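What follows is a single structure, written as structure tokens, with notes after it.
The letters A, B, C, D and E name the chains in turn, as written, and every chain counts its residues from 1.
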Amino acid sequence: MLLEQLINGITLGSIYAIIALGFTLVFGVLGIINMAHGEIFMFGAFMGIIVTSTLKWPLWAAFLVAIAVTAILGYMLERFALRPLRGKQGVSHLAPLISTIGVSILLENISHHLFGAGNHPFRNSFAEINFQIGSITVYLVQIIIFVISIILMMALSYWLLRTKAGKALRATAENLETASILGVNTKKIIILTVIIASAMGGIAGILVGMAFNSVNPQMGLSMGLKGLAIIILGGMGNVKGAMAGGLILGLSETFVVAYGDSGYRDAIAFIIIIIILLVRPQGIFGQKSAAEGR
Amino acid sequence: MVLEIKNICKNFGGISALTDVSIRINEGEIYGLIGPNGAGKTTMFNIITNMFPPTTGDITFFNRRITGIKPHNITDLGICRTFQNIRLFSQMTTLENVMVGAHCRSKAGVLSGVFRPKSQRTEEQQIREKAIELLELVGLSEYHDVVSENLAYGQQRRLEIARAIASDPKLLLLDEPAAGMNETETANLFDLIKQVQARGVTVLIIEHDMPLVMKLCDRITVLNFGKKLAEGTPEEIQNNPAVIEAYLGSEEDDEIA
Amino acid sequence: MLGEFINPYYLQIGSFILINIILAISIYVTLSSGQLSLGSAGFMGIGAYTSALLTIHFDLPILVGIIAGSLVAGICGIIVGLPSLRLSGVYLAIATLGFGEVMRVFFVNWESVTKGAVGLSGIPHIGRELLNFFRDAGFDPSSIGMRNNQFTYLLVLILLLLINIFIIWFFVRQNKSRVGRAFAAIKMDEKAAEAMGINITYYKVLSFTQGAILAGFAGALFAHVLAYISPADFAYHRAIEILIFAVFGGSEVILGAIFGATFMTIMPEALRFISEYRYMIYGLVLIFMMAFRPQGIIDENIMQWLKKKLPSKRGRSHGSRNQKHM
Amino acid sequence: ACGGNSSQSSGEGDKGGTINAKIGVISYLTGPGAAYGEAITNGFKLAQKEINEKGKVNIELVIEDSAGKQEQALSASQKLMSDDEIVALLGPTLSTEMNVVGPEADLNGIPIMGTSTTAEGIPQIGEYVFRNSIPEALAIPVAMEKAVKKYDVKKVALIYGNDDVFTKSGFDTMKEEVEKMDLEVVTTQTFQKGQSDYNAQLTKIKGLNPDLILASALYNEGAVIMDQARKMGITVPFVGGNGFNSPEVINIAGKAADGLFVATPWFSEKEDPKVQEFIKKYETEYGKKPDQFAAQAYDALYIMAEGLKNAGEADRDALRDALAEIKDLEGILGSFSFDKDGDVEMDPIVLTIKDGKFQIFE
Amino acid sequence: MLKVTGIETFYDKIQALKGISLEVEQGKIVTILGANGAGKTTTMKTIAGLLKPKKGKIEFLGEDITGLRPDQLLKKGIALVPEGRAILSSMTVYENLEMGAYQRNDKEVEQDIENVMKLFPILKERKTQLAGTLSGGQQQMLAIARAILSKPKLLLLDEPSMGLAPLIVTAIFKIIKEIKESGTTVLLVEQNAKQALKIADYGYVLETGKVIISGNAEDLLEDSRIVEAYLGKKSS
């Protein structure tokens, strides 16, 4: 039981973490909460279904198509919902929040229109591969999800902290103007970031589709909300924090169900963040901003 | 004695920004706080106004211990500051900025603000008149309805001073008020600070503009690496070899440049 | 006669607009001190449930229920507002959004009192109660040629309109006072405000609580206008919708919040004829408006322009940046 | 497919005794539950066409979207009610919406009939409120009894969506019935709308080894629950409510759907020619199989037509009285009558899924 | 090497530059003087590509560079130390320096970083401190050091001495001279008019967005208009 629940929790947590990484990346660079990330993720999941079930192509093609489509969506998001707001005078920090909410509403309704309202099954023989360990069934997909989330986290950490491009990205995050006079092509960096984040959402979408066999136009919302909770939990723009936050949330949701009252499952994410924020207002791994009384 | 700084130490992580600094400032003085970059001057201001607490040490203001008191209460007691990096309420007009400065000297709450009894109207009128007067003092009265972020740099610095004075401070803390000003503007600033002093306000000023400091201050403390290096009148400081070596440099250095 | 001019459908929409305006103002008030709170939906729920339960179980008059609902929401506002002081920006936004979610889950799970997801029905309806009152007084709406629902909704609308006028007046005046200046100062630079002697704890909690009271008040009205509430009414979507009202209309000035609430309530109704596409259009409108007017439809410049156009000295609404002219 | 305003009324001339009537429809057409609203309006339109062709009554439908939200449902109902020519309302889709719209319609004296609202207490809202959908309180016990008998059930586990009025009231019925039947409840689990991971709940259920799982869920969630349960190795049967009864369950869950029991008035394999004709027509018109909601809507419009015929005129009060009188009307769901409250009187049948197909469970 | 002709720059509708023309010769130090709000910073930002001029032309080494992005200009060899020390406060001192060499791919970067840290020893001491927690003056040094690391052909300095201690001001001017001697051309904006003119070869004086005086630095030092307006009565 315990072991089984642990596996459930880690699987869920890893998924949350991958989604949160996408949020964190965009927040880290643009200081914007991309409210449409959940919907982009949902589109990734639908691409998986279309490619494997409708077109009957192999699974790897599904990943490629999902990455391509979500990357394009990411580009369009940047082009039409974020770029017009950048560098304009008098733009309140709320504007990008609202325009990405607009994108999320639009995407949800488009997918509703294209794919219909209900759940779509993700049928794939790969999703059926499992091992029997004692009385416990472990699915290969679960292991893959965990591994991918770890790989993505490490790759992102390394990229941000050690590579030149990563540093340029952090510089852009902090101050667009400064980064540009240091020679960073900020426009390119921003597009790149949004595209990478979106593609990560696309990957997560397929993984979720395979793991839970349920894909619908609304799935972006609840996953998106969890993702938001996690980046706050871990500290905005912090890669390790996203991973840790994802696992904490996945495990605690699972254990609330296993040993507590499943009715409170949806609240647990926010109860945890409220508690953590009171102790560490900047999140578990977040840093306090410098320069107080100058 | 207006302000007594007793054995202040401040550590940030491993860096000790201030080590055992004591200063006593008398009523009516203009007191200078100078020293190399990173010596801990701004940090001292932050500790006096309790933006953060000292690691050890105490500060008393008119013999009252003010360490640990909330910043807004410190302003209430009569200490007000300006910032090294100008921090005006950028979207407000010049006049409104100064009126905010008078906040702690007025008391209208929500209900009287909304229902406007006589007392509130008189108070509001007084604040406004006072703000206008202060704008005149700093030479900004013609800009009263300009949004403050559209003011030129030097004007913003003067506005910050007006805003601080609006809180009727007994002690005014100025952090590099002359930074970014040319010499003519600096000369105007000198006159302004003198006028403030004439109103009975004690001034503690951080400044790197030596001609200004030497002309303006009655006494000066020099900090270096968080420690007190010297204290004295401008002449004493100017001729103190340790200060020259650490901070002022000699005229010859100047000529090499 | 009269009945022909009064379409309860429009009255109904009008009532929702007026309730939404109060909600938009609730977020505007918290924003005016620089705090982005997405807890409005939660406070709205608290107000709605409190008032509904009191009027259903204790037979209290609706008025008492509504006042109690606003107060309870206000108290919760203080309780949430105090610890939230340590948070700012998005952290605050998401923590308060979380508070709303927690409240919703709480309403769902506290079945013995809230009836869970089934919701509370049989809540006294303001209009119907008023109708009964008039009937008892010997007045029948048909005597002036109105049907029952026309009459009830007309009463509701008039009542809400009066409430709105008062609330707007109140916050416009507050804005122009010492308290309003303190809010604005905190919004622009918290540290500097503190250094100028403003008790930021007090003012931040004050504006947070005012927002909570307004949201609770709107929630209570909502309960007595719909006569039925369930936890789903106070979920994430509501919080986001309220945020959109304020930001879309322009979060800097109170008129923006009012305009936003009005526009965003009417739009889905006006688009009924293309029902399938109307939420797509809603999304597109958000994207485009933000691209063209990121500060919201109504901002300071428009206010200035309006003031010039309407030379009347008593402009109905001014923003935080008041008294441009002495 | 289902546009906003009004679909065409075909009868051109008022010959003889044709009764012309406008009926308002409030349906869930945008948002997560739009699939239900779509099936329902399709059912209405199909029936409308047939009825108008027969010529006795000529019905015009005015369809409004509620997006599944109470305020919108109320606005829509106000819009419809304020049109004096509209004699009755059909819908709204959800019980939550009906709880708001019902009292308003009752107050204004316009008959309203739910075709999919299955929660407790709906027809009791007022004299003018009716429904033709079988309430969960009627359907679920029947299915439970049969399943319990067949599998000799002693221990049950419950799982339900606790943030939705419909699944919650279905659960209440299940719980009541469990107590009546004296079964042991090993655990009660809940889930929330939009959730996609039920593994934690199911793992717990699995550990407690129930003989039967009672699941109050809409088909979207229900199908996924079954799928995940079977993957985990839970093999016991499921009993679900009316929301669970949809061909979509088989579509989503595949062979994992085997072992589901539901009680319903609607069975598509019934050898009644009326039923088969309906299915054929529906499929040619809309390209998919009708579900119970389409069927209930279809019957509902016939009930309205019958009421109008009996009332003899398109008048709200007359129609109400005529509706209340309706007895033993034959429809595709079977023989139909209203009880004294305006609730449906009908015996449901129990279906089970076997080999990927709904079958009558004997 | 730099030739600016008739540039006009706007902030929304406010015209900050009303047709500025100036020229910077290779290997020289040219200084721009002017009161607060005269348009000095705007000129620098326009040259560095942060602002786009509505009218006018900017040429660098004979090539039209009007309207290019800052990163493209840096590639061509124009680096800016902006007013108000735009350091990256959430990155460490060392990372800030690395960012200075962002466009370089040669192997000497590390060595060069060591060298500039010798120029400003405090930076070496605070290598791993977050730049945002440096004192005001330390930040200014970091900003200059960072710009040097991009090895520019033309260095634009906007009030580099602001907020610096007297000794450091002296040092900074010395460094500027050294930079020039090492072959980099410098365009310098200063409030400290006297010091600036002392090291400069040529000077321009701006007023409300226009050039009102220009000439050789020595001549300007003597110019009565300048003495009065910028060197103040009390120039020691």
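Definition applied: a residue touches a chain if its C-beta (ideal position, glycine included) is under 8 Å from a C-beta of that chain, and two chains touch if they have at least 3 such contacts.
Just so we're on the same page, UniProt names per chain: A, C = Branched-chain amino acid ABC transporter permease; B, E = ABC transporter ATP-binding protein.
Values in this document were obtained by computation on a predicted structure and should not be read as measured data.
Of all chains, the one whose CA centroid is most distant from that of chain E is D.
Using CA-based centroids throughout, the chain positioned farthest away from chain B is D.
Each chain gets one centre point, the mean of its Cα atoms, and the points for chain C and chain E are 51 Å apart. Once the centre of each chain is set as its mean CA position, chain C and chain D turn out to be 35 Å apart. Distance from the chain A centre to the chain C centre is 32 Å, each centre being the mean of its Cα atoms. Chain A has residues 109, 221, 261, 263, 266, 292-294 in contact with two or more other chains.
Counting partner chains per residue, chain C has residues 105, 108-109, 191, 195, 276, 279 touching two or more of them. Each of residues 30-31, 162-163 in chain D touches at least two other chains. By the touch criterion given at the top, residues 27, 33, 80-81, 84-85, 88, 90-99, 101-110, 113, 221, 225, 228-229, 232, 236, 261, 263-264, 266-267, 269-271, 273-274, 277-278, 281-283, 292-293 of chain A touch chain C in their complex. Residue ranges on chain D touching chain A, taken from their complex, read 30-35, 162-163, 189-201, 203-204, 207, 219-221, 223-224, 227-228, 231-233, 248, 251-254.
Within the complex, the chain A residues that touch chain E are 89, 164, 167-168, 170-171, 174-175, 177-187, 287, 289-291, 294. Interface residues of chain B, counted against chain C in their complex, comprise 49, 51, 70-72, 75-76, 80-81, 83, 87-93, 95-96, 99-101, 103-104, 106-110, 112-116, 120, 123-124, 127-128, 144-145, 147, 163-164, 167.
Contacts from chain C toward chain A in the complex involve residues 36, 83, 86-87, 89-91, 94-95, 97-99, 101-102, 105-106, 108-109, 191, 195, 236, 240, 243-244, 247-248, 251-252, 276-277, 279-280, 282-287, 290-292, 294-296, 299.
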